[in-house]
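Supplied in C-alpha cells, the structure appears directly below.
All chains are identified by letter, namely A, B and C, in their written order; residue positions are counted from 1 within each chain.
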Amino acid sequence: MVPTDAYVMLSMVLFTLGAMGVLLRRNAILVFMSVELMLNAANLALVAFARRWGGLDGHLFVFFVITVAAAEVAVGLALIVAIFRNKRSINIDELSQMRG
Amino acid sequence: MENYPQLVPLMILIPSVGAFVNFFWGGRLGEKWASRIGIAAAALTFVVALFLLAYLTGSHNEAVVINPPLFDGWIRLGDTTVNIPWQMRVDTLSVTMMLFVSFVGTLIHIYAAGYMHGDERFARFFAYLNMFLAFMYVLVAGNNFLMMFVGWEGVGLCSFLLIGFWFDKKKGVGWRNSTAARKAMIANRIGDFGMLMAIFLMFWTFGTLDYYRPGEIANVPLVEELAHKAEAKAEAAAPAASEAHGGAETAAGEAHGAEAAGDHGPAVPVFTNNDHIPTAQLGVFGQAERMLAEGHTVSFGPFALDIQAVIVIITLFLLLGATGKSAQIPLFVWLPDAMAGPTPVSALIHAATMVTAGVYMMVRSNVLFANADLTSFIVTAIGASTAIVAGFIAVGQWDIKRVLAYSTISQLGFMVAAVGVGAFGAAIFHMVTHAFFKALLFLGSGSVIHGVEHGHHHVQHGHGDHHHDDDFDPQDMRNMGGLRRKMPITYWTYVIGTLALAGIIPFAGFWSKDEILADSWLAGLWGRTGLAQIGGFVALGVLLLAAGFTAFYMWRQVEMVFHGKPRTEAAAHASESGPSMTIPLIVLGVFSVLIGFVNVPAGFLGLSNLLGKGELVHFLEYTLVNVHPYVPEGGVFNPLIAFTALALGLGGIFAARAVYGRNRAVTRTGRDPLAVRPDTGAVWELAHARLYWDEIYMRLFINPFNRLADFLADVLDWRFLHDYLHNDVLVRGFNTVAEALGRPVDLGAIDGVVNGIGRVTRWAGSQLRGVQTGYVRMYAVTLLIGVVFVIVLLLLPLLQAGS
Amino acid sequence: MTEVSLFILVGAISIVAAAMMLLSENAVHSALFLILTMGCIAFMFLLLDAAFLFLVQIVVYAGAIMVLFLFVIMLLGAERVGATPQTRFRWMTPAATGLSLAFLAVIALALAQGQIDRQPVPPSQPLLRAAHFAPDVGPVDVYANGELLAEGLSYGSATRFVTLPPGEYNVALFAAGTQDALLAGAVTLEAGQTGTIIAYPDGTGTALTIIPDDVSTVPERSARLLLFNAYPDAPAVDLVDLGSELAAAPPRVLEAGIPLGGLAPARILPENTDLSTWAFTEADRPAAVLFRLNTPIFDVKRDTTKLLVLARRSAEDAQAFTLPLVSAAQPAFGSPVAVGQLLFTDYMLPMQMVGVLLLVAMIGAIVLTHQPGERRLTRQERRRRVSRPLTSVIAAQTGRDVTKADSNGGSAVELPDTVEEPAGR
C-alpha cells in the first residue's frame, strides 16, 4: 500500500513543476499548459486523500475541477487566438497593455 | 343787498376756473381766447369786488363772515380742540384790498395780452396770472391766519412760476431766470418760517387762528361811539325805544351771520362790545386784548411767559414773515433779481399786490402790533432803514426795471415804517396809491423796453445784419435816451407816475406819503412809550430823506430814458407800443392822479369839504381799531411836514435835472455823471454795487451754508457714511469676514481636506498602480509568493507542533 | 508488480514528462509531454481505486482538452515560434527555482509532521431502520429517542435506512396514531454499524431486537444474503437447497437452526444465483417445507443486500411467508455508481452550476473568436457599384470631390470594392 504521503509529494512536485512553467515560459500556450499541469497535480492530491479518508467527495471535487478546467481552457484559448489575431505574437512579455 | 357777501367765494372760484381752462386747453384756444379768458376772469373779480363794496358802503358796515357752500369746516380735530374753518371775511379792509388788486390786475392782464404776444407759452402765462389772483384773494379774504398762509404760500408759488417763466432762454439767460425764481422762493421761505412760528404760537396761546369770530366786533370803540351817537339822536328825535331798529339799521356789531340775514323775528339783542362772549370763543385779536387786560400766563411746558411777552414774540415772528414777503431788510434781496420775469409779472406781483401781502398781514394784526412796543419799534427801524437803503441803491442802477424794483422796496419800507409807528390806515392808503403808480411805472418801462427792442430789430434787419446782437440789453438805460419823441404816451404817463411817486402835489403819492409822515410826527409827539416816540421821530427823519432820494432817482431815470438825444440806433428807431399796452397806461395814469383824493386829510384848504375827511381811513376804521397812532389828532393835515416833503421832492427832481439833464445823463465813456465826480464817485460806485448786499450774504450765509452742505454731503454722507462706514466698515468688514471664512476656512481647510482626500486617494492609486505592470509573469510570481506564504501560515501550527 | 513499484515507475515517468514539457522548445512536443503526464496521473487514479476518474481523466482531459490545445497550437503556428531570448525578468529563473524549492521543502516538512497515514479515519455514521413483523399489533409508529422514524408502519414492511449519530437510543413503538406504547427498548448504535430493528412475535408477545445489517460493498457481481426468523410457529428453521426436481439428490442444508429472532450469518451469492430450489424448512426436518423461494423476487441481483425474514403471513394466517428486504449494497469505492450516487444527491447544485458554466464558456469562446469574415456586398451596394461609383457618393455626402485628384495636392481617396469591418471588434 503506497502511503498517502507519497501521492501528495508526487502531486506537489508536479505542482511545483507547473508553477515554474507558469513563471518561466513565455509562450502563452505553454503557460496555459503549465496551469493544466498544476490542476492535474491538485486532482491527484484530492483523489489520494479521498482514498485515505474513504469518502467520495474528493472524487466529485476532481470531477468538478476537470469540468471547470475544460471551460477555462476553452475560454482561455479563445482569448489567445483573439490576441494572436491582433498582435501576431503570443509572447506574454509583449502583452503589457493592461498596465496601471 | 344783504346777499352780496355771498358772492365772495366767486372771487376765488372765477380765477381758478380761468387758470384751469388756460392751463389745460390754453394751447388749443390760441392767444386771442386765452387772453380773453384771463382778462374776463380778472374783470369779473373786479365786478364782484364792486358788489361787495356796494354792500359795505350801503347801510351795512359790519363785517360778514361767509362760509362757502359745500365747505363744512376745514381742519377739525375733535369738537373743540382744533377747528379751523374755511371762512371768508367780507369787511372793509379785505374789500379794499380786493378792489385795487382786481382793478390793477385786470389792467395788467390787458397789458400782458399785448406784451406777451408771440410767446410760445402764452396761455400758460395767463393761467399763472389767474392762479395768482385766486391765491391773492384767498390771502386777503380769509378769516383766519391759516387761510392767509395758504394764500401766502400760493402767491409765493405763483411768483416763482412767473419769475422763472422764461426758464428756457438760451445762453444762460434761462438759468439766470430760474435762479432768480429760486432766490425769491428761498428768501420767501425764510419769511414763511416766521409766519409759521407765529401761527403756531398763536394757536398755542389762543387756541384759534380766526381774526374775529362771527358775532365778534372788531372795532369796539367805534361801535360804542356810533351807538352813543345814535342813542343821542334817537332820544332827541323820538323817545320811542326803537333801539332794536336803530341798532339793526345803524349800529354795527349785530351778530348777523349769513344764515340769519334778513330775519326780523323777535328782538335780537344788540351788542356794542364783546364782553358777552367768553374768552375762548373770541378770535385771536379779541382774546389778545382781553388777556392783556386781565393778565394771563401762557405755559410752554417747563416754563411760562406772560401774555405780553408772548405777543411780542408773535409779532416778531410775523415781522419776519413780512420782511420776506414784502422785501424788507434783511430779506429784500430777491426783489431786484425778480425783475428777470416778464414786465407784467413785475408790475402785478412785485409792485402792486404780492409784496403788499406782508403789510396787509401786519395791518390785519394791528391789535397785536399796537400792544407790542418793542416789536413796533423794530418794525419802524426796519421799514425806515429799508426805505433809505433801497433809495440809495436805486441811484446807482442802470437797468430800468431794477431802479423800479428798488423803488418798490423803498416804498414798502415806507409802508412798514407806517405800520411801525401805528399808522395802519396810512399804510393801507399808501399801499393803494403805490399800487397804481408803481404798476403804471412798470408797465411804462415795459413799453419802453418793447419799443427799444423793436428799434433794435429794425436796425438789425435794416442793415441786413441778420445775426442778432444778443449782447444788446434793451433794459439798459444807457442804450436809451430821447424816447420822449418816439413814445409820447409812454413818456407822459411815465412822467405822471414819476411825479406821483415823488410825492408831488396833487398826484396820489403826495397824499399817501404825507399821511405817513404826519402820523410819524404824531407818534413822535404822543406815543404811549418812549420807544414809540423815538420810533416816530426816527421814522419821520429817515422817511423824509428817503423821499428826497426817491424823487432824485426817479427823475434821473426820466432824464436818462426820455430826455436828451438817443444814445443808440435802437433808441433812435424806437416806436410807440400798441394800444393794448398804452391804454392801461393811460388808465393807470388817470388813477395815479385821482386815487389820492380818496383820503384827503382834514383841514387841507377846504378840500376835505368836497371830498370828505380821510374817507378811506374812515372806511377802514370799521375793521382796524388803530388807524392812527394818535386819535383824535390823527388824520389832520400838518402843513409843515407836507411842505418839507414837497420841498424835498421838488429838490430831488431839480437836483436830478441838474446832474442828468440836458443830455448829460450818461458820460461819453458810458458812465454815470456822479461816478466821474471825485466827491460822489465812490459813493455812486457803492450804490451801483448795491452796497455789496448780495456779496455779503454770499459770504456770510450762502457760502458757509454751501460749505456746510458740501461737508454734510461729501464728508459726512458720502465719505463717512457711504465710503467709510458703509464701504469700509460694513462692506469691507463683511467681505473680510466672508473672505476669512471663505478662503482659509472653506477653500483652504474644508476644500483642502476634501480635495486632499481626493488627492491622497489619487496619489495612492497612482502609486499602487505600479503594481499592475501588465506582465502576467509578474502577477504569477506574486500569486505564488502569496500562496506559499498562506500555506506556510496555515501549516505553521503543524510544523511547529512537530518540531 | 507490486503497487509500490508501479507507483514509483509511473511517478517517475510523470515527473520526467512534466519536466520535458517545460523544457521543450517545440510547443507540440510540450503538449504531447503533457498528455503523457496526464496519462500517468490517470494511472495513479487507477491505483487509488478511482476508476471513474481514471476514465474521465483520459476522455476529457487528455482526450478533449489537450486536443483543443493542439488545435490552437497548430492554428497559431506556435510550433514554429522559437524561443526568443529573455530580455525581461532575468531574475525570474532563480527566483522561481528558489520559490519552488522552498515550497517543496515546506510541504515535505508538513507531510513528515502530519503523518497522514497514521491519522485515524473518521468512522461512518450508523444506519438504522425498523421492520415490523409483529402480526398482532397492527400498524405502528416507530420513535427513536422521541423522534419519529416511521409512521403507520404496516405489518411486513420496513423503513429506509436512516443515518443517526451514534449513541443510546430508546426505541418505542406506538400503535399508529395513538400514544399507546406497545413496545420500547434500548438500542445502542455505534459508528459504522448498520442495524435493523425488527419487531417480531416471540411466542408470548412482541419483542424488539436489533440485528446487525450489512450494506457494505459486496464483491463484484454478487449479493449478500441475510436470513431472519420471525416465524413464531417454528422454533427453528433451516435454509435448505432442495435441489432440482429432476436430480434425486438429498436436500442440502445451507443454514441450519436459525432460532426465532435469530439471524443467519451473511452469505455472498454471485449474481443470478438460482434460488428457486431453496426453501425454508423446519429445523431438522427437510420435508416440512415452510416456504419455497421460487418466485422471481428472490432473484439475486448484484450489489444488493437481501434480508429474508420468515414470518406469518398475517395475524390470522399461520402460513409461513418470507419477505425480502432488499437494500442496495454500497457500490464499490470510486466506481461510477458510487460517484453518480453522490453527485446526484448531495452535489446536485454544484453539478448544475458547472453545467451552466460550461455552456457559458462555450458561448464565450465562440464570441471571443468570432470573425464575421468577408461581408458580401448587398444587392444595393452591388447595384451602386454598377450605377454610381462610391467615390461620387462620398463626394455628395462630404462635399468633397474625390473623383479627381485633389487640388490641394492630396490624391483621391481610394476605396476597395469590398468593405471589411475592422478586425478584433
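Brief remarks follow.
Here, a residue touches a chain if its C-beta (ideal position, glycine included) is under 8 Å from a C-beta of that chain, and two chains touch if they have at least 3 such contacts.
Worth saying up front: this structure is predicted, and the values here are computed from it rather than measured.
By number of C-beta pairs in contact, A-C leads over the other of A-C and A-B. Compared with subunit B, the chain whose C-alpha mean position is the greatest distance off is C. Centre-to-centre spacing of subunit B and subunit C amounts to 130 Å, using the average Cα coordinate of each chain.
Each chain gets a centre from the mean of its Cα atoms; for subunit A and subunit C, those two points are 24 Å apart. A separation of 121 Å divides the Cα centre of subunit A from that of subunit B.
The residues of subunit B that reach two or more other chains are 775, 777, 781, 784, listed in rising order. Of all residues in subunit A, those touching 2 or more other chains are 19, 23, 26, 93, listed in ascending order.
Multi-chain contact residues, meaning those touching two or more other chains, occur in subunit C at positions 88-89, 92, 95-96, 99, 103, 107, 112, 114. Every residue of subunit A that touches subunit B in the complex is listed here, in rising order: 19, 22-23, 26, 31, 92-93, 95-100.
Residues of subunit C that touch subunit A in their complex: 3-4, 7, 11, 14-15, 18-19, 21-22, 27, 30-31, 34, 37-38, 41, 44-45, 47-50, 52-53, 56-57, 60-61, 64-66, 68-69, 72-73, 75-76, 78, 81, 83-84, 86-89, 92-93, 95-97, 99-100, 103-104, 107-108, 111-112, 114, 116-117, 121-122, 124, 333-334, 338-339, 342-343, 347, 350-351, 354, 357-358, 360-362, 364-366, 368-369, 371, 423-424.
Contact residues of subunit C toward subunit B in the complex are 88-89, 92, 95-96, 99, 102-103, 106-107, 109-110, 112-114. On the side of subunit B, the complex with subunit C involves touching residues 775, 777-778, 781, 784-785, 788, 791-792, 795, 798-799, 801-803. Of all residues in subunit B, only 768-777, 780-781, 784 touch subunit A in the complex they form.
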